[in-house]
Every structure is written in C-alpha cells, then in structure tokens.
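Provided herewith is a single structure, encoded as structure tokens, for subsequent inquiry.
We call the chains A, B, C, D, E and F, going by the order they appear; numbering starts again at 1 in every chain.
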Amino acid sequence: MLDLVLPKGSLEAATLELFESADLAVSRSSSVDYRASIDDPRIDDVRILRPQEIPRYVAEGLFDLGITGRDWIEETGAEVVSLGELQYSKASARPIRMVVAVGGDSSVERVEDLPQGLRVSTEYPEVTRRFFEKKGIDADIRLSYGATEAKVPDIVDCIVEITETGRALRAAGLKVIDTILTSYTELIANPVAFQDPEKSHAMGQVHTLLAGALEARGKVLVKLNVAAEQLEEVVGLVPSLKAPTVNQLHHGGYAVETVVPKSEINVLIPKLKDHGATDIIEIPIAKIVH
Amino acid sequence: MLDLVLPKGSLEAATLELFESADLAVSRSSSVDYRASIDDPRIDDVRILRPQEIPRYVAEGLFDLGITGRDWIEETGAEVVSLGELQYSKASARPIRMVVAVGGDSSVERVEDLPQGLRVSTEYPEVTRRFFEKKGIDADIRLSYGATEAKVPDIVDCIVEITETGRALRAAGLKVIDTILTSYTELIANPVAFQDPEKSHAMGQVHTLLAGALEARGKVLVKLNVAAEQLEEVVGLVPSLKAPTVNQLHHGGYAVETVVPKSEINVLIPKLKDHGATDIIEIPIAKIVH
Amino acid sequence: MLDLVLPKGSLEAATLELFESADLAVSRSSSVDYRASIDDPRIDDVRILRPQEIPRYVAEGLFDLGITGRDWIEETGAEVVSLGELQYSKASARPIRMVVAVGGDSSVERVEDLPQGLRVSTEYPEVTRRFFEKKGIDADIRLSYGATEAKVPDIVDCIVEITETGRALRAAGLKVIDTILTSYTELIANPVAFQDPEKSHAMGQVHTLLAGALEARGKVLVKLNVAAEQLEEVVGLVPSLKAPTVNQLHHGGYAVETVVPKSEINVLIPKLKDHGATDIIEIPIAKIVH
Amino acid sequence: MLDLVLPKGSLEAATLELFESADLAVSRSSSVDYRASIDDPRIDDVRILRPQEIPRYVAEGLFDLGITGRDWIEETGAEVVSLGELQYSKASARPIRMVVAVGGDSSVERVEDLPQGLRVSTEYPEVTRRFFEKKGIDADIRLSYGATEAKVPDIVDCIVEITETGRALRAAGLKVIDTILTSYTELIANPVAFQDPEKSHAMGQVHTLLAGALEARGKVLVKLNVAAEQLEEVVGLVPSLKAPTVNQLHHGGYAVETVVPKSEINVLIPKLKDHGATDIIEIPIAKIVH
Amino acid sequence: MLDLVLPKGSLEAATLELFESADLAVSRSSSVDYRASIDDPRIDDVRILRPQEIPRYVAEGLFDLGITGRDWIEETGAEVVSLGELQYSKASARPIRMVVAVGGDSSVERVEDLPQGLRVSTEYPEVTRRFFEKKGIDADIRLSYGATEAKVPDIVDCIVEITETGRALRAAGLKVIDTILTSYTELIANPVAFQDPEKSHAMGQVHTLLAGALEARGKVLVKLNVAAEQLEEVVGLVPSLKAPTVNQLHHGGYAVETVVPKSEINVLIPKLKDHGATDIIEIPIAKIVH
Amino acid sequence: MLDLVLPKGSLEAATLELFESADLAVSRSSSVDYRASIDDPRIDDVRILRPQEIPRYVAEGLFDLGITGRDWIEETGAEVVSLGELQYSKASARPIRMVVAVGGDSSVERVEDLPQGLRVSTEYPEVTRRFFEKKGIDADIRLSYGATEAKVPDIVDCIVEITETGRALRAAGLKVIDTILTSYTELIANPVAFQDPEKSHAMGQVHTLLAGALEARGKVLVKLNVAAEQLEEVVGLVPSLKAPTVNQLHHGGYAVETVVPKSEINVLIPKLKDHGATDIIEIPIAKIVH
C-alpha cells in the first residue's frame, strides 16, 4: 500500500540493518540494485536512491514514505511531513551538524566577523544562501563536489559542511565558528498520503517497528531474584521508566525483570548486588515497544 | 558411540555453524582438516568428506550417521534411512531444485518436446538416466565437471542441473522446462545402526538438537504486559502454535510470554499494541524444542 | 577515580571485547591510539601499553589497576595485588603454559637430564634463571626477540617458551619436558591503592562486571514448561548450582527458568524432553552476577 | 614554477600511476591528503581536487595546469587551453562517452522522437541544456546526485549520462539513442600562464613526459638478428612509424631494433620468423619520446 | 579461423596470464564468463571450460585447439594431436605427477606388494584401471570427488592422485610408492583441423607466441662493454645457446649483448666482472623466439 | 659454502624481494618457516631470525654472513665485519635514524638541557647508556617492549627510538632533540670467515649481486638516435658516470645508449629532445654491475 524510498550511499548499510532488525528485511537481487522489496502487507514498492533527491520525490508523490537526513530536507525545501527522527547515522547514534568553518589560524571567531563578498564552498548552496542572507552577509557561494575542507584558505574563505565528530575538520586545520543546524535521519511522508487515514495508520505502524528496533539497541533485559524483605528496596533502585515485572516464586522470594539502558548497567548491577539481589542476568533484546 | 560424516565444500560452513548453534561444536586442528571431533558422549568419530560420497559410506556402514543432500542420495541410490530434512543450505533456508534447462530461445517448452538422441550434460548422470528413461526419451548423457550451464547450445542440447534461485541459469540465458526433484539437506543413518535401539535413541537426540537450533532461527520470544481485562483478547491474537505462558504479576496485571515466527512480528507487534499490550519486548532465541 | 592500564598487542582485541561486553566500552580516537577512555564514574584514565611493562607500572603507582598475564607478573617480580584471574586469552578461554622444550629427537626426557652450561633461549630470562637455579643447573640464558622455537638445536640446547596448545612447538619439531607455570590473564592492583577502601570497593565492582561478562560466555538461560506432576523430577535434572526459578502459570502447570553451562546443553535438553518438559527454549545471556 | 591540480576520485589512482611512470612521482603524506608535491624543478605546488571543479580553478588562475575530463570542461564552459588528450581513463585507454539513454522498451529511437517537456536526469545540466536547446526540445532537467540510470522510466523519461562500455546502461535496461560528446582526460592550462613563454615551455616538457609514458604502454622494443641477404626484406615487414635501428654485427649479419605496437606483435613475430629473423626478443619499455 | 578452448579452474589464472604475456590477451565481460575473445586474426571463438572435458571436445571437433593437462588427455583417451608441452602449472613451471600413495606406516613399499581386491580412490578411474590391469592387480576403483588423500586407510587402501610437490600427501601422512605419469599442460589440436595446412600454420604461430612468452620467463638480456683484448675471453664465458651479438663501439671497445638463463646469472655476472666486463646490465624480456 | 642469516620481521619482505631481484631467490616451504635455501653454489644454509640477534650469531660464527641493521650492530657491540650498506629499508631506500625525543611542549631543546636522573624508555638500552654516559648525564634507562613514543611524558621523560620519516613521533606529539646514529641495512660477516680467501671472494660476489640489484632500482636504460652533427652535443648532456655506448647505424646517424638515474629523467629527456635526440626510449633494468 505504501511506496517507500531509502537512501543510497553512506546511510545505506545502516538503513538496511535497521529495517532487518525491525523485522522489515529488505530483499534485493544484488547489493547494487536500486529496486528492492519488503515482505510486508503495508509496503508495496521499495526504491533505493540518493538522499539528496529523496525529499523532492516524496514531496512530488512519487513515493509515500522516505528516509533521508534533515540536512537535505532543509536544502531542498521540499514540502514533506516528518514522522520523526530515527536516531542513527552512518556509524553511530549521534546526529550530524552543519557548521561554518574557517582556517584554524584565522582571526575570525564568529560568523559576524566574516567580510562581505567572502567565497564559500558547500554542498548545500540553498541553506548557505538563506543563512548568510539572514546574517546580512553577501557571500559568493560555490557548489562543492567534495573535499570541501581542503579548499580553505587558498580557494575559498570559509566552508559550510556537515560533520559528525568534527575530527575531519580539525585534521584539515579548520575551526568551527557556527552551527547552522543539527540533522538526524528522519522518516518523511508525502502530505497527501499522510491525510489518507489508512496510509497514515500504516505509516505509524512502520514507524513503531523502526523506533522499537532502534530503542532496543541501547537497552537490555535484567532479571534477578530477591528475598521478600529486600524486594521493595531492590525495586526502588531500578530506573523508573516503568514498574518492573515482579513475580512470586514457587520456592519463595521474588523474580524481578526490567528493561534498563545499557549505559547504566555498569553502575546498576554492582548496586543491585550490594542491596541483596542475586542471580542477576542480563539478556540482549531485539525490539521494545511501549 | 556414533560415527558421523559431514559434508565438505559448499555446505561445510553452514553445517559447522548449525552444529555450533546446536551445542555440538565441531573441533578441527585446521579449517582444511578432514578429521574432527565433537565433545559429546553420543558421538565418537567425525569426518568431513565430499557430499557425493557420503550416501555410499553411510550405506556401507563406514559411518552411522551423515549429512548430505537429497540430490546425492538419489544419484547414488544408496540404501540409507533418512531421519528427516534439515532445512538449511549454503546461504538460505530454501531447498535446491534439480531442473531440466534448455536454451532461452529454444522452442522446447516441455521435456516431452525434446528430440530423441539429445545430448545432455549433468553432474547427476544416474538420476538423469532414470528420468529420461521414464519419459521414454533416448539421451546421450555426458558427465559434467562443472560450468554445466555454459554448454547449451553449442556443446549439448539441454542440461540437468541444481539451482537455488534460478538466477545463474537465467544469467546464462537458459530456461527451466521441468523440475526433477527438490532437495533439502538431510540427516541420514546406516540401516543396521538404526535398528540398534541405543544408537537409534542417540540419533534421535542429535536430531532434536539440530532441529531445535534450526527452528530457533526463525523464531523470537515476545514478552508483554497486559491488564486483566484485556488478557484474553491479547492472548487470542498470538499465533496458536501453543498456549502462551501467562503469569499474574505481583503489582497487578499479567505478563505474557510466547514464541512467535520472526516473519509475523512486523504485523503482530503493531496489532498487540493496538489491543492494549504494553512493554512489548522481543528477545532472540538460540534453540527451541517442543 | 581509578587509573587503568590495558595490554597492547595479542591480548588487545580480546580485552577490548571483554570490556565492551561488561558494559565498560573503551573509546579511542583510533585503533592505534595508546590513550583511551571509559564512560564510567569509577574510571578516570585509560592507557593501552605493552603487557610486559604493565606489572612494573602498576607496582610503581603509575596506574591503580591493570590487566596483564601471570607470566609477566612472575618475570618482572613486580609487587602487585592480584584481584583474580580473568579466564580469557587471545583466542580461547584456556590459559597459556610456560614450558621447557628440547629437540624432538633429543634423548633428554626431564629437566634433570639437561647438561650443565646448557644454552637456553627465552623471552623470560628472570623466570628462567630462577627455575634453573632451583634445579641446580647452570644455564647460559639468552634473551630471545622471537622465533624462539626455531633456535633448537643449532643455536641453543633448549628453550623456555609460552604455548597455548603446544601445536607451534610440535610443528617446530620440539618436545616439552616440563611446565614452569600456567598463566591466565589477571586483574592486578597497586598495593597502596588497594588499601584505600573507596578504591578497593570500585575495583571490586569493576571485577564483578568483567567476571560477569566472562561467565556469561559459557552459559545460557533455559526456559521450559512442565506439568505439576513432573515438576520435581524435571527440576531435579537441572545442574545444581542454584535453585531454578519456578513460576505457577495462569493456565496451569509451571514455568521453570534456569541458567545452565552451554557445554551441558547437548545432554541436558534431550534428557529434559525425555522427562516431560515441553516448550524448552534456550536464550543467550550477556552477563551473570551471582 | 607551475601550480598543478590533479583529479580526486575515480581518475585519481590512474593519474598518480601515470605521473609515477612519467618519472614525476607524486608524494603525499597519506592517500587521503589533498596536498602533494612532485620533486621536479618545473612544478611548485600540487593539489588534488574534484575533477568537476578543476576547469574553473584553472580558468581563474588558481592553478597553471590541471588534469580533468573533457566532460567537465564542457559542462563548466571554463576558459582554459587544452594541451592535448591523455588517453587513459579509470581502467583502460578508452574514452568515455556522454550519451542520451531511454528505457529499453521505449519506442523512441532518436532524440528527435522525444516529446516536449520531457523530464531528464543528469549530472551535466549545462551540457544537457545546450544539447536540447539546439535540438529545439523543451526539457525539464533535474540534477542527479548519482544512480542516474535507475530513474528511468518512473522518475524521469530519459537521462544524459557518461559510460565507458555501455554495460551499466544495458544492465539497467536502458538503450542509448545519441552520443553528445566523447571525452578523454585532458591536460589543461590557464590562458594567461600559457602566454608566458617560460611557463609554456615547462608545460610542454611535462606534457612530453606524460605522453611518452602513455605511449610506451602500448609499445614494446623488438630486437632481432638477420643475415645480410634477408635484411631489407625483414626491415620492410616492420611497421613504418620510423626507420628501425640497424647495426652490423662483429661476427657478421645485422642486428635490428625497433619499437612496435604491442597489438601488432601477435602477427608480426610469426611473420618475422617466417622471413628469416632469428633470436627475436621483446622488451618492455617505460617511456618513448619521438 | 581457429576455435579455442581454455581450462577453467586451477589453471585458469595462469593460462590467462600466459596468453596476455604472449600478446594474445583474452577479453571477457566478467571473470566468471565462459565465453571470451582474443583480438587476433587467427582466432575466432574462445571458450573457457573444465580441463577434464577439453580433450573430448577437441577430439570431437567442437574446437580446433585447446589447452589442458596431460593427465586428462590420458584419462579420457581422446584422440587429439599434441602440439607440445607448455611448461607452466598453477603456481610454478614444474609438472604435476600422478602417483600411487598408501598410508605412511603401511608395510607396502612397491605397487607389486599391494593385495588383490584392494580399494582405490581416485579422480582418474580410467588411468587407474589401465595401470592396475597392466600390473595384474585386481582393484576396486572408486571415483573420488575430492579430498582423496583423506580416505586412507579407513575408507580405501590406496589412492591415485596428482601432486606437484608431494607436500599435501606427506601432510596427510601418506607415502608415494609409484609414479604413473608426469603431466605438463599441453596445447592440443583436433586431428582433422591439424591436417588443414592453413589451420596448421596458424596453430604453429600461436604455439610460437606462447612458447616465446614462456621461455622469456626464465631468461634475461645481459649487456656489457669489454675492451678489444678481452672480447674473446668474455664471449667465451657466455652460455653457448647461440653466438652473442657483438658491436664495435664508436669510442672503442665492444658492446656485447646476450640472452642468458636467469638461473645462471648469479654465477655468470661475478665471473664476467672478474674477466674484465664492465657496465654489465640485466634487462627483463617479455618474449623470445629463436 | 657460506651460511647465511636473514632478518625476520619488518625487513623480511624487503630482504626476500632484494634477493629475488639479485637472482638469489630464497625458497621456503612456507612464509613462516625459519629455514630456507638459495640455489647458489656459494650458499649452503639459510636461516631467517630476528635482526636483534643476528650480530651476535654472526660474531659467534654460527653464520658466515648476515643481514641486519646498523642499529642492532651498535646495540649488541658484536664483533663483525661490515661488507657495506645495502640501502633499503622496510618501505623505501632511506635509512632510519635513532633519535632522542621529548614532549613537544617541553622547554628542552638540546640533550644537554635534560635533567640528571631522567627516565628514558628505549628498545636500545646499550646504545642509550653509552650515549648518555658520554654526555655526562645520569639516566634511568628502561627497556621498552614497544609503543615507546606513547610513554612521554607520563611514564618517562624522554625516549630513544628509531624513525624513518619522523611522522610517528610528531603524531605522538614528540619533538626530536638529537640524532644518535643513522642506520642502514648492512651485509655483515664473521671476522674469521672473512679472513678465508675463498669465503671472502664468495662474499664479495654475493655483495656484487645484491648491490647490482639495488643500484638498478634507481636507474633506467635510455636509448636514442641522433644525427652525426649533434652527436657530441647530445652525448655531452648525458650524466657523466661513464661514457655512453655509441654505435654507428647502418642507415646513417648514431644510436646512443646509457644508464641514467631515474630521478634525473624528468629533466634529461626534455633536454635531449630539445637538442636533437629522436626516438628516445626508456627501458627498466634489473641489475647493474660496473
């Protein structure tokens, strides 16, 4: 029922892995194929195309649903509905930032210090144009085909570029003087399709599965046993997202089960043990839906 | 107590992985060794040999138990007992098919249209001979050492070849006109050893472990909480293989736990949520034995 | 609060993997960086240095806590406190042994048969010196920079070398005539830091997480259902480390859950099934803390 | 004296290899560095940037000399002087073609058959605009970010794309209906720098070295001996680019040496032997300058 | 004019490399393609098929010319004309041997010691049958599909197998008791085509190019200068295949040039220098035709 | 007649490649074997051992001839005869330097500024001890097992380490304040063996072959034709190592042939052409012996 478009290129492997873990595995006859399919009653057609072009295609109604970055939604100015962020990127769960950077030994510290008429290299000429216009700075914006960070200071005065950790910019001897926007991967929909109640319900279910798989990546299931007299104390230690599942055991005592962020486990498990929990085990989970 | 022979070559990696996941890990001093061992009281000796030769060795009693494809059991005509299919192959859970194929632009559409005296290339001369004999067609059968699909139409008129998806045949410009047999990997036993009650019991247990690991590959454990008033409705949604495990919780409501096919999860989880299930989590499982 | 030093080189990948599975993931800006960090309130600074030098640095107080092999603790004679063995090595859970080896066709069968003044090549000159001194044998000990096993018999008469399986020594045509020590990876602490109660408590918690992750590698969670009349029999079959968790089910019967060594599963599951257990499933676990 | 810019990306490895074989080896501190150097008195500064941007940078005088494809010279319309084609591309000595392609089952056979208002996807919007303008066809041209061939027929009606062998287009089910231009790699110069006699002389010498290395790839040196009476006949067989080098030998007879296209060797050597040449040897050459 | 068939599999890469160095480069659209072409007026069609099947196809006239091993010519008994050995194999210039091997601790030392009725595993049942028949030994010959050396002594008593260095057999604990034949790669022709004078001449030319490229692998061109008074002495040292090319130099003295086996260079160059040769240089050659 | 020892480890691949190009190819049964052989009448036994240990073994007479670095000859103080430098290292033709380095932000600029009692980490404790002793500085020298550059400033105050380009030291934030020695690979001999005239002659011949292969790496053969009237001018341009070989041609004019450093070719060829040379070709050479 839904036509779906996924991003080719740097986000491709991470996107296919996410759909696989959301039990929406994408089949292709080869890894360079642009056509694909998902064995799911809600999804008809699947195409894999450049993320830069996806906002336009979704806005034009060539697809109902698509995945791309916030950066390209802004650059194209395409009219799409965002169903929400999907917090993954090429290699991590962090967003990318679109920044303004100048040479590391430049005296410029703020965008406001940049001279009129400056030369700017960027893969995002539209966002860049709007940004400098708003700042009242006249900029000679040049479309970059890559290696943008190598062009300062000989070829341009500053660049507008995306970065995840800032490491590549620092390695090229640049310093960041402003952040234009923060960009996550997003699930976007065609506005007309989104008005259709049936399609909208299907989109929500797909979103639930994707978000459930993403959330599970940072969580584990913890199971433990505890004597009756320490039950409330142990239960009280557990992060309070939701009441843990507590079961009385046949042979006495209680079994407690709860989902916990992986990042808190290193602190939580020693604390639980100190307060009387026994037989603590940690189990990986594949999906979580509240 | 049992001597076991496993297939070398294209099925080798998948077979060793299956034994590992069945908690019957195969140890070898190097990956090219033909002798191996399994640390299990039921298994004495393990050898890794060509699948073509395994039916004969098991029939002759050189081994009690072996793994090979149905194609080679048929080709050799060896007298072995099949304990059942193990639904895995080199890269998927699908069987292979042994098909008759001709040139894509041939006018032949059915085996019955093939001319008397036709030249056939195949790695399975015995199955091919029996097949054409039954059809009343006189065939000049030539043993193929590989690249069988490249021989039509210059060298032979048709081929008998195995295929998993048909892609290699299509890529070679061939069309399939008949399927001789569908072949899964099978667990086979020597008929005399299979009469021995102790050996037979051990064979059954090995089969249980292998089948349990294979079945778990397509299943996940789903856990969820639900209020008392929605319990029966939610339980009713769960695929009916078996009653789910239901537990009354200490703080009220119920915890439900059930094993579900992975392929149904994409539909099931949104439905459970729509009907009031909360805290749904999905957990990978390593083995399932009914 | 704790400064930690981890081993660079052959143990490096296995150590980083252990910390990751213990929810103490080590971050580095690149895989060749010697500085690292762990996002944990108990750990300040992390360095990755040669295991040979780690005992000395921990003894001198440059670090509070370190990981290295028992072989280098012995060789350096450094004064450190061992918090316990961590049973992992480069590729397995087995320890390494430090052995005395001579040419395979030598008539020497015991260390006592070795002649006075013999030439010995070893990467462990101190342990070797102490060993031969205690035996009353005068040895010309030469520091080896590697390829130690290639030096018998032309360059030296015997070697003192570490080995995991003995395979490399046998391949070089040597035979082992004595074992000087068995060496596991150990978690070691600076004696002064270990006296500090707060640091000592933090060290114990880190140890708990590491040991919990290691123990989980060899264990799985088994869940099964059983009718009331077979409950005690089935529970009796389960390895007796700890009473299993037993739950009465809403629809009758019992659910039993227990953690079992993976190495016993191949025998246990068929036995449980033979005694009436149903719906047996096996689930991988990531950590276990008693 | 000359500032030089080389193409990053698909031509990069082949360009660096060409400079190496022309004895103008390019040094970089790492393979991802954009700055480089060549130890040559004629060359000052070397940068490695995107081929799309090189024509503009050379035209603006940021560099004296650059290497890029004819396609990007045309697309940018930059005012540069071409010193000549360098007949190499990513993987072969063949040029690329910029073609117009439509769906393989379209009834369109010529560009003239295309409808007004057609949608075109291309990475070369300027060349495409000029091409359709000249043909009198009104085209809705859309910038492609890659995977252009995957967009016919759902997203656009035709594409303008480069191809070396046409294989990728055929594999995508497209057919070529016109060729807009044929593009070799070219050595281009800034027009002002090219007026400078000293710079122009240096540019010519660099060109000579590059062309000499390229030409040598398709040539070999053939040496042979021949008796006096067959000398003229054998010399007459040799391809007539240039008179071969003939030497009278001390012990009688003649030694003949000549440079021959590798592609004619398979025919030439048997012919030479048939006509009395002996001791024919073929020697690889690294550079040839007429 | 000639249809040619080349061997797929272990000899494939070495064969394609030989044709490339013989200036008869084989083009294929992909490395798994069975059809190929050579841009040469003497060669029409090129196919790449299993070496086991090549003798039969050449004998039947499906191809005029083919490359395969002597082992398969013998096994098939096909009637073909051998144009000569091409001394290359998978990884070296050595031939393979077809040997009879038994268990390393067997008391059998000669084929004559083998018992009547022995079980033999081999990929060459016909050669094996003829061999044992001639020896008067009744053998139960079983077709091997690979891993032949692993079957002694449990599955068969001896094997007939090919080996290049004997290392794999020794590693499997076997000992060689006889050699049935020594097998080089050969260039074979269809007997009828070989009668055709034009085809026969073309075959000879192809053979010349292949043999010239093979011979050049073991040879180098040595050039040196020498004073008049030492000329004869130096010329006398050079291996006597052929008189060296001697040239009187413009500035006095002589230049000597000769082709020498690479394997003698290590001895020859120091000797030449000791006898007064100067400016000795060694140049690689690509082809040599006498 | 000579027993030879080659270095295992970082120099191993480059050493084996050098011997191969010197027509002294080293055969081993596997790439991890410590025993090898060379098919040469001057060389008996070949072993591949750690470069650190080679000076001692050659000095003790276990081998006649060895290859190792100057750094280890100095460190061990072994009494060996050096036959000369072989200018190659792991990846280039440059020597390595043994340097003293401190933290990049240290105020120390010269070794003389270092404080008494400073801690030094090094893999060369003997050279380091002698160096600081001569400077009158009391140093606490600690044997480093690797990662030496990571120990400044937390663990030691300075290091003595080898470096080829200095890049790794700079990347670790260190600065070099002195160079202790410059180290090439050397060919070393046992002093007693070197007294033996026959052995000494053989050592010289092996040295000639190795040096000839090394020298050829940086040279090419240039051949050109020139008219009589320009002969002397063109000959005058050629680097003056040695008179070029000049030949009068049968058809008039002269052929000139000379060996030229590759690094001068980029300048020489354009100059030769400017002065009337034609048909200039450049040919790679494999060995050169003056």
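The rule is simple: contacts are C-beta pairs under 8 Å (C-beta built on N, C-alpha and C of every residue); 3 or more make two chains touch, one makes a residue touch a chain.
This one's a predicted model, so the numbers in the text were calculated from it and none came from an experiment.
Chemist: According to the touch definition, list the chains common to the neighbour sets of chain A and chain B.
Modeler: Touching chain A as well as chain B, we find C.
Chemist: Note the shortest touch-path length, in steps, from chain B to chain F.
Modeler: The fewest touching-chain steps linking chain B to chain F number 2.
Chemist: Of all the other chains, whose mean CA position lies farthest from chain F?
Modeler: The most remote chain is B.
Chemist: Quick one: compare the interface residues of chain C with those of chain F and tell me same or different, with half as the dividing line.
Modeler: same
Chemist: Distance between chain B and chain E based on Cα centroids, please, to the nearest Å.
Modeler: It comes to 42 Å between the two C-alpha centres.
Chemist: CA centre of chain B versus CA centre of chain C: separation in Å?
Modeler: 38
Chemist: Roughly how far is chain C from chain E, going centre to centre by Cα mean, in whole Å?
Modeler: Here chain C and chain E have centroids separated by 52 Å.
Chemist: Which residues of chain D are in contact with two or more other chains?
Modeler: Those would be 247, 283-284.
Chemist: Specify the contact topology among the chains shown, as one of line, ring, star, complete or other.
Modeler: The chain contacts form none of line, ring, star or complete graph.
Chemist: Could you run through all the chain pairs that touch each other?
Modeler: Those chain pairs satisfying the definition are A-B, A-C, A-D, B-C, B-E, C-F, D-E, D-F, E-F.
Chemist: Taking the complex as given, what residues does chain F use to touch chain E?
Modeler: 22-24, 29, 39-41, 204-205, 208-209, 212, 216, 221, 242-243, 245-248, 254, 257, 259, 283-290
Chemist: Give the list of chain A residues in touch with chain C in this complex.
Modeler: Interface residues on the chain A side: 167, 220, 225, 247, 249-251, 255, 262-263, 265-267, 269-270, 273, 278-284.
Chemist: Flag every residue of chain B that touches chain E in the complex, lowest number first.
Modeler: These residues of chain B touch chain E: 8-9, 34-35, 47-50, 52-53, 57, 62, 142, 144-147, 150-151, 154-155.
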